[in-house]
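Letters A, B, C, D and E mark the chains as written, and numbering starts fresh at 1 in each.
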Amino acid sequence: TSHPSKTTVTTTVPSTITTTTTSVPLNTSNPQDLMELVGLTSPPSTPVTITVWDSYSTSENQAFNQTLAQFEKEFPWIHVEVTYGVGVGTSQFETAAKADQAPIVYRDTSDSGGALFASGLVLNLSQYLPPSITSLYLPTAIHDWELNGSLYGLPDDINYIVMFYNKKFVPYPPNTTQQLIQIAEQVNSTYHIWGIAYGASDEYGYRFAAWFAGYDGQIFTTMNGQVYPDLNTTAMVEALQFWYNLTYVYKVNYLAPSTGAGGVEGQLFIANKTAIIFDGPWDLDAYLQALGPNLGAAPLPVVSQTGLRAEPFIGSTGWLIASPQASGASPLQIKAALIFILYVTNYQSDLRLWNIAHDIPANAQAYNTAIAELNAGELKPSYLNSIMKGILEQAKYGQKFPNIPQMAYYWNSFHEYASEFFAGKISAQQAAQGMEQAFVQALVQNGLLSSINLPPPPLPTLSTYVLILSAILSPLVIDRRWKI
Amino acid sequence: MRKDKLFSFFYILPILVVTVILFVFPLVYSVYISFTNLSLFHFFKYSFIGIENYILIFKYGYFNTLLINTLIWTLGSLITMMALGFFLALILNQRDLKGKSIFYAILILPWAFPGFISLLIWQGLWVDPYGMMNRLILPLLHLPPVNSLTSTKDAWIELIVTNDWLSFPYFMTVFYSALQSIPRELYEIAELDGASTFQKFFRITLPSLKRTIAFVFITSFVFTWNNFYPIFVLTGGGPGISTETFIVYAYEEAFDYNNFALAAAWSNISTLIIIILAIIVIKYTHILDNIAG
Amino acid sequence: MSYVKLEDVWKWYKNKNKVTEVLKGVNLDIEKGEFVVILGPSGEGKTTILKIISGLLKQDKGHVYLRGKIVDDVPPKDRNVAMVPQNYALYPFMSVFDNIAFPLKVSHTPKEEIKKRVVEVAKMLRIDDLLDRKPSQLSGGQMQRVAIARALVKGADIILMDEPLSNLDAQVRVLAREELKQLQRELKSTIIYVTHDQVEALSLASKLAILHDGIIQAYGDPKEIYNNPNNAWVGKFLGNPPMNVIKGSVNGDSIIIYDYRIPLPERFKGIVKDGQDVLIGIRPEDLFISDKGVLEGEVAMVEDLGPYTILHVKIGDETVRVFEKSFIRKERNEKVKLDVNVNKIVLFDPKSERNLLLLTGIGNGKK
Amino acid sequence: MSYVKLEDVWKWYKNKNKVTEVLKGVNLDIEKGEFVVILGPSGEGKTTILKIISGLLKQDKGHVYLRGKIVDDVPPKDRNVAMVPQNYALYPFMSVFDNIAFPLKVSHTPKEEIKKRVVEVAKMLRIDDLLDRKPSQLSGGQMQRVAIARALVKGADIILMDEPLSNLDAQVRVLAREELKQLQRELKSTIIYVTHDQVEALSLASKLAILHDGIIQAYGDPKEIYNNPNNAWVGKFLGNPPMNVIKGSVNGDSIIIYDYRIPLPERFKGIVKDGQDVLIGIRPEDLFISDKGVLEGEVAMVEDLGPYTILHVKIGDETVRVFEKSFIRKERNEKVKLDVNVNKIVLFDPKSERNLLLLTGIGNGKK
Amino acid sequence: MNKYTLFKIIRLLISYFILIIMAIFSIFPLYYVFMTSFSNAPNLISLSISDLFPKHLHLTAYKELLSANLYGGNFPLWVRNSLILASSTAIISVFLALITGYALSRLDIPAKKILAIFIYIVTFFPYTATAVPLYLLFAKLHLLNYIGLILAYTPGTSIFAAFIAKLSIDSIPSSYEEIAMIDGLSRFGAFLRIVMRLALPVVVLTAILGFSGAYLDFALAYAFLLPNVKEWTATIGLYYLAGLLNPASAPAYNIFAAGAVLMGIPLTALFIVSQKMMTRAYSNLAGVKQ
C-alpha cells in the first residue's frame, strides 16, 4: 500500500534555490514579463475589472494594501475590486458561486482550494501557465497546490505549528517526548503552573496530525485504488493515549477548551501559567508582546517510543482563480487574474508579508531573503531572530498537507471521537475505531467511497423510544383542567 | 361587499408576500434539494435521487442521538428559563415591593446586550478551572465545578444555564406583563374566601396565565429547538456529539461537509418534527384560537 | 349589640407624595340582619369602606368590630365575611360550579359536601342549570347571581356587596333588585350594600348611610332621611329628581320666596328668627300645579317621562322642578301657579347648609 | 324631502358559518332638524343602524339616502355626518383640544381656523377651561361634552349619537340630558340618537323609532306611541314601570278582568266583538287607588322610590304595577281597590299581540 | 398585626435577596465585557479574581477601534450604517406586524384563521436552513443590499409581533377608528394615526425586537454586504477589527469588547427607556376575556 498523504514528501527545504532559465520570462516582478507570461503583448484598449476576495488578517492586509497600490500603478488597465474580511474555507465561496457571485480571484488554504478544484469551481492553472512557474516557489509550498498533476493555485505563505515555550520555566527546548514529560513535570513541581496546555478536546485533528505522524500513523491509505481512511491503527491509539497520559496520568497537560492565542491555551501561555504550547506563527505577535525575550520556539519533539519526529502539516495559503463557470469571467479577465495572482505572490509582495506580518514566504526568492536576514540577525528586536529560526527549523520536519477532497471529512470524524476519548467516555481503541468508521461513513454519504459494507447502526434502546414517545404524547395527558 | 374583502386582503398581502419569499420559498427549495445529490462534488450538475438522503440519515445518521439531544436542549432550556422568568415576574409583581423598575432595568440587561458577545463571555466564564463560574461562583454556592469537556452532564448544565441567562429576561417580561393584567379583585375575593398564598397561586395565577404560558411555550419551543448559536459557540456539540442538536448537525453537514442535500434533509426532518409536535399541541390546547381567530 | 361597627375610621392613600384623605372618621353601627345601603357619589370611598370591613385594606386610624369583637388585626380570611365585588370578579377560567365552590375548596371541605352545598345555593338562586358554563357565557344578571352564590356558599352571615347591579341593563336591574330584596328576607343575613344610585338605595335599604366628604352624612331610615335630610347636600343628592333648594327669608310666620309668601312650617316655628335668611328645601313631589297655588312661575321645560312629568318652573331667578303624574300637562312658557305641601318643607342654614332642625339639636333623623 | 332615509335596509352578520340577521328591512324617514331617538333593547341592532348611516358598515340590502342623495357607495369620510360613539372614543393620548380639533386637522384646515372653531365649540359646551386636559382627567359628563364637541366642530348637520349617556352616573345623566336638549334647540341639526333607556327616549325625542326583531316597530311622536302602542311588546317596553298587560275578555260594553268588570273604552267599540278574548294594556299611572275602584287586589310589594311609589297589586293570577305619588301609602298584604282611567286603556289581540285599533286599520299612531 | 407584618417583612426580604442575586447574575458577564474593553491585552478569561478589579483602565481598545480605517470604512461609519439598517428594519417590522395584526383582528378575510396558522407554522423552518436559499434568491433579484437585508430581517420579528398586535388590537374598542373614519380619515389613515398609537406598547416592543435583531445580526449582513467596506455594519466591522474573521490570527477580545460596549449602549438605553411599554406589551396574551 502506498500512502497518498505521504507520496510527495519533500520536507527538506533547501537553503537556496536556483532559478532555472527558460524561454518564457519568469520575472513576476516585471509588468511586461507578466503580460507576456499570460500571452498579452500590450495592455488591452479597454480596462478590465477583476473581483478579489481577500482573506488576509488585519496585519497581513497592511502588506497586501501596499502591494495592491503598487499593482494598480503598474497595471492601470486592471481595476481590482477587493472584498475584505472573507473567511477561508469552501462554504462562502460555494454559496457565492451558486448565486453567480463568485469572485474571479480568491485566497484560500491549499486544502480548501483542493476541494474546490476537485469540484470544478477553480481554474486549472496548468492550462495557462508554463510548468516552470513552480520553480518560483518553495517546493513544499507549491506541491501543496497540485492535485493529480495539475496546479490550481499559487502560494503566498506556508504555515504549520511549532513548539512555543517560555524560557522563564523551560531551560532548553525538549527534543524528545521523554524530555517533554520531564520538563513539564519539573515545571509543574517547581513553578506550580502547567507544563503544557493543549486543547486536545477542541482538536479537529490539525495539530494532532503531527503526533499521529510521530507514532507512524497516516490519515489515508489506498485500497483497491480507492483512498481509504487509516485512523483505526495502533498509531492512533498510542498517540491518543500519549496525550491522555500527559493530561490524566502525569497531570502536566492542561486540557484547554480552546486553542490558539485567543483560546484558553494561548491565554494561559500569555499569562505565564503554562510553559509550553503548540501553535502556529500566526499567533506569534500575541506571544511576543506578552513574553518578549522569554519566548522560545522550536520544532516539535521526537516521539521517544518510535524515534520519529512529530511532523505537523505543512500548510499553505495562496491565490486561486475561479473557473469561468463559477465567476462568469471573460478570457481577458482570466488573464488579468493570472497577472494579479502572479504579482501578489512575487518576490516583493511576499517579502512584504514577511516583513510586516512575519508570514513565512512561499516565494523562493523571498524565502531566501528571509533566511539571509535571519542568519544576519537583522530582525528587530534581536531575540526575534532566534525565535524565527526555531520556527523555520520546523519546516524541515513537516508532512504534506493532504489536499485531496477526502480530507474535508477527516476533521469532524476525528473531533467527535477524540473529544469523547478525552472526556473519558470511551477507550482509545474505541475512539480510533469510531473515528475511522465515522470518516468512512461521511465519505460514503458524500459519494467519495462506494461499495463498503458499513456496520449496521446501533439500535436505539427501548428507553429511548419511551422517552421520545412520551415527549410527543405529553400534551395529550395534560390534565383536563389545563385545557385552554 | 366584495370590494371590501379585496381591500381587506391588501392588509394581509404584505405579510403573505414576505412569508412566501422568506419562508415558503426556502422551504420548497430545501425540500427539493433534499431529494437531489447537490454537494460540492455535484455542484453544477446535480440530479434527482429520491429519498436516498433520508434513507442515509436513518441508516447511518445519528437520528436518535440528535433527537434526544434536541429534546434535552429544548425542554431543559425552556422549562428552566420559563420557571425562572415566571418566578422573577412573581417577585416583581408584588405590590408593596419598592424599586421594581430599577431591578427590572437591571434584569433585562442580558436581553438588551449583544448576544454574540455575551456568548463569548460565557464561554470564558465556564473555563475550568480559570473561568469565574468555576473559580468564584460555584465554590460560593458549594457546588462542584463544571467542565463541559469531560462530562456530558456538565456540558448540558453549561449550555442550559447560559441559555437561561440569555433568555430569562424575555420570559420575565412576558409573565410580568401578563400578571399585571390579572384583575386584582380576583385575588381579593379569594383572600376573603380564605385562600392561602399557595392556593391563590395555583388556583388563580396559574390558570389565568395558562394561555400566556402555552403561547410562549410553543413559540419559544420552536425558537429554542432551532437555536443554534449557544451550542455552536459553547460546546460545539461536544464532547463527541453528545450536545449536538439537529440544527447544529445540519449546519455542520452544510458548511463543513458541503453536502447541501443532506443538510437540507436534516433540516426538513427537524422542522417536520416540530411541526407535528406543534400541531398536536395547537389542536389539543386550542392555543391559537384567540390569537388567530 | 352591634354586629358590624366602624369606629372613627380614617383612611388615606399615599400616591407619589400626594396624600388623599378618603375616609375622615367614619362611624357606623349595624345591627344583625339589617340591610344597610351605603350611598354616595362615585369615588367617595364606598369601596374603601367595604375593603376595610373585609380586612383587604387596613384603616389608618380607628377600629373595626365584627360581631362585637375588635378585628383590626384579623386577616380577611378569618373575618368570615363574604363579598360580591363591584364587577363580580368571577374567575373567568372556572366553570360556574367551580366559582361557587371556590371558598369551600380552599378550606378543604370534602367533595361530597361541596357538591351538596353548591347545588343547594345554586337552586336557591335559580342558577342550578348553569353550573357547567363559563362566566363569559352568562348574562349580566346571571353573573350577579353567581357572584352572590359564591358569597353565600360559605355561610358567612355578613355579606358585603359593592354596586352589584351597576353593570346591568336598566330593565334587568329592576328585576335583580326585587330578587335581592326577597333573598335577604329569606336569609336574614346582615348585608352591607354599596351604591351610588338612589333608586337602588331607597328601594333596598332597611337602613341608609350617606357617605360624602369622608364621613357618614346621615344614617337611618331611608324615608326619614328622604323627608328630613341633615343638610342641603343630602337633600339634593337623595331623590331623583333632586330636592329643590331655593333661597328665601323668614318673615314672621311666613317664608318669603322671591315675591311670594308661604306659611312657615309648624316644626320650624321657634327655631328660626324673624328676618333670618334660609335655604328652603322642597321635594319636587311636594309642589303641585294648582290654580290656588301660592307660588307663580313660568314653565321653562317639560320633561314628559311617561308615567310622570317633570316641569321646570322658573320662579324669579330660581328654577324648581315639579313632579307630576303625566295626566297634568302644561306647555312651555305657560304661566303656572304652584301649591306647596308646607309640612314637608325643610329649612337649611344658608351658610352651613345644615338642616335647621338638627342645628339646634331637636330631632336628628332617627325615629 | 327627507334628510336621512333608510329604505328596506337589511343586515346580517356571518360568524363561523352562522348567519345572524340583525336588520330585516328597516325603513326610516327623517326630516331636517328632527331629534329622532331610536329605542330598542340591547343587541337589537341600534348601533348597526348608526354604522350603516355613517357608512362604517355596508348594508346587505336596501339603500341609504342622505340629504336626498343615495350614498350606498360613499365612504364614511365623505358622508359629512358626525358621530358620538357609545363609549365616546376620545383618543386617550390627545388633549381635549386635540381631540376636538382632530376632524379639522385631518381635513387640513389652517391652524388659525382650527383654533377659532375649537374654542368656539368648547365655549358653547362650557369645556373651554378643560382644553389642556387629557381625557383620563375628565369626569364622565365632561367626556361626553368633549365627544359632542368633536362631533359638532366639523359643522356636519347630521349627528349620530350612540347611547352617549349610558356611561354616566344617574345624577349626571339627568343634567346631561337637559343640556343635550337645549343644544339641539340651538343648533337645529338633525340628530339621530340611539338608546335602550326609555326615560331618555321619552325626554329627548321629537320623533321616536322603536326597533325590535330587526324592524322599526313604531315610529312617530313619542307621546302618541306611549299612549297608543302598536303592540303589547312596545307597550311593555316603553315606559318604566312598564305597561301592565293582562288577560281579559269583552262582554258587551264591558271588559271582564278576572272577577271584575270595567267599561269598554269608546274607541274600541265596534272594533271588538262580544266574547272576544283580549289583552288589556293599562299604564301603571292610569291605575289609581280609590275606594270607589272597580278592581280589587292585594298589595304584594311596595317600592317606595322617593318621589313616587310603585305598588305591585295582585289581582287574581296577575300582578299589576300601580304608579302613585308617594303621599299615598299602603302596606304589604293590604287589600286595595283600583280605579282605571278607561280612556287610556289599549286592547291587543291575544294572538298577534297587535293593537286592535291598528289591526283593523283605524288610526295608526300618527296624529 | 405582628404576625402579619413579620410575614410581610420576611417576604420582602427574601424577594430583595433573590432580586439582588439575580441582578448580580445578570450584570456579572456584562461587567466582564466592560472590564475586558478597558484592558490592553486581548484577554477573555480572567485568570485570577484580582483581575476582576483591574488597577488601570486602558483606552487602547477604544482608540484602536475608533481610529481604524479600512479604505474609507471605519467603525463610526459602520455603527451609523447599523443604526440606519436597524431603524429601517424596526419601522418596517412595526408596520408589517401592526398591519397584519390589524387585519387579523378587525377585517373580514376569508380563511383568516388558516392563513394565520399557516404563517405561524411556516416560521418553524429554521434560519440556518433558510439562509442559503435566501442568499441565492436575493442574489438573483439583485437584492444583496440594504433593502434585501431589511426584507430578510423583518418577518422574524413581525410575524411573532403580529400575533401580539392582533391581541392588543382586539382589546382596543373599534369605535376609535370608526370615529376617525367619520371624521375624515380613510381606514388606512385611521390605522396609521389611531390604531398604531393606541397599540403603542406593541409598537414599541416590535420596534425594539426588530431593531435589535437587525442591529446585532452578523451572518446575514456578512453574506449580503461583504463586498463593499463602506456598507459594512458594525458587527461585520467589529468581527473584522477584532480579527475574528480570520482563523489564522489571534482575536483581539479587548477590541471586540469595546465594540460591544459601544454597540450595546444605544440598545440598552432603548430597552431601559421603553421598559414601561415592554411590560405592557404582552398583557393581552393572557386573554382575560376567555
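The definition used in the following text is that contacts are C-beta pairs under 8 Å (C-beta built on N, C-alpha and C of every residue); 3 or more make two chains touch, one makes a residue touch a chain.
Not measured: the values here are computed from a predicted model.
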Along the graph of touching chains, what's the shortest path length in steps from chain A to chain B? 1
Pair with more cross-chain C-beta pairs in contact, given A-E and B-E: B-E
Express in whole angstrom the distance between the two chain centres, defined as the mean CA positions of chain A and chain D. 89
Gap in Å, rounded to a whole number, between the CA centres of chain C and chain A: 90
Euclidean distance of C-alpha centroids - chain B vs chain D, Å: 57
In chain B, which residues are in touch with two or more of the other chains? 4, 123, 127, 130, 183, 207-208, 210-211, 254
Return the residues of chain D touching two or more other chains; collapse runs of consecutive numbers into ranges. none
Scan chain E for residues touching two or more other chains and write them down. 44-45, 47, 132, 136, 253, 288-290
Sort out for me which residues of chain B touch chain E in the complex. 4-5, 7-9, 11-12, 14-16, 18-19, 21-27, 29-30, 87-88, 91-92, 94, 96-97, 101, 103-118, 120-125, 127, 130-132, 135-137, 165, 169, 173-174, 176-178, 180-183, 208-209, 211-212, 215-216, 219, 222, 225-226, 228, 247, 250-251, 254, 260, 263-264, 267-268, 270-271, 274-275, 278-279, 282, 288, 290-293
Along chain E, where are the residues that touch chain D in the complex? 173, 175-176, 178-186, 189, 193-194, 197-198, 200
Going by the contact rule set out above, which residues of chain D touch chain C in the complex? 41-42, 169-171, 174, 177-178, 181, 196-199, 202-203, 222-223, 226, 238-241, 283-285, 301, 303-308, 323, 325-327, 341
Interfacial residue positions of chain B with respect to chain A in the complex: 37, 39-44, 56, 59-61, 64, 67-68, 71, 75, 123, 126-128, 130, 148-152, 207, 210-211, 214, 236, 238-242, 252, 254-259, 262, 276-277, 280-281, 284-287
Within the complex, which stretch of chain B touches chain C? 183, 185-186, 188-196, 199, 203-204, 207-208, 210
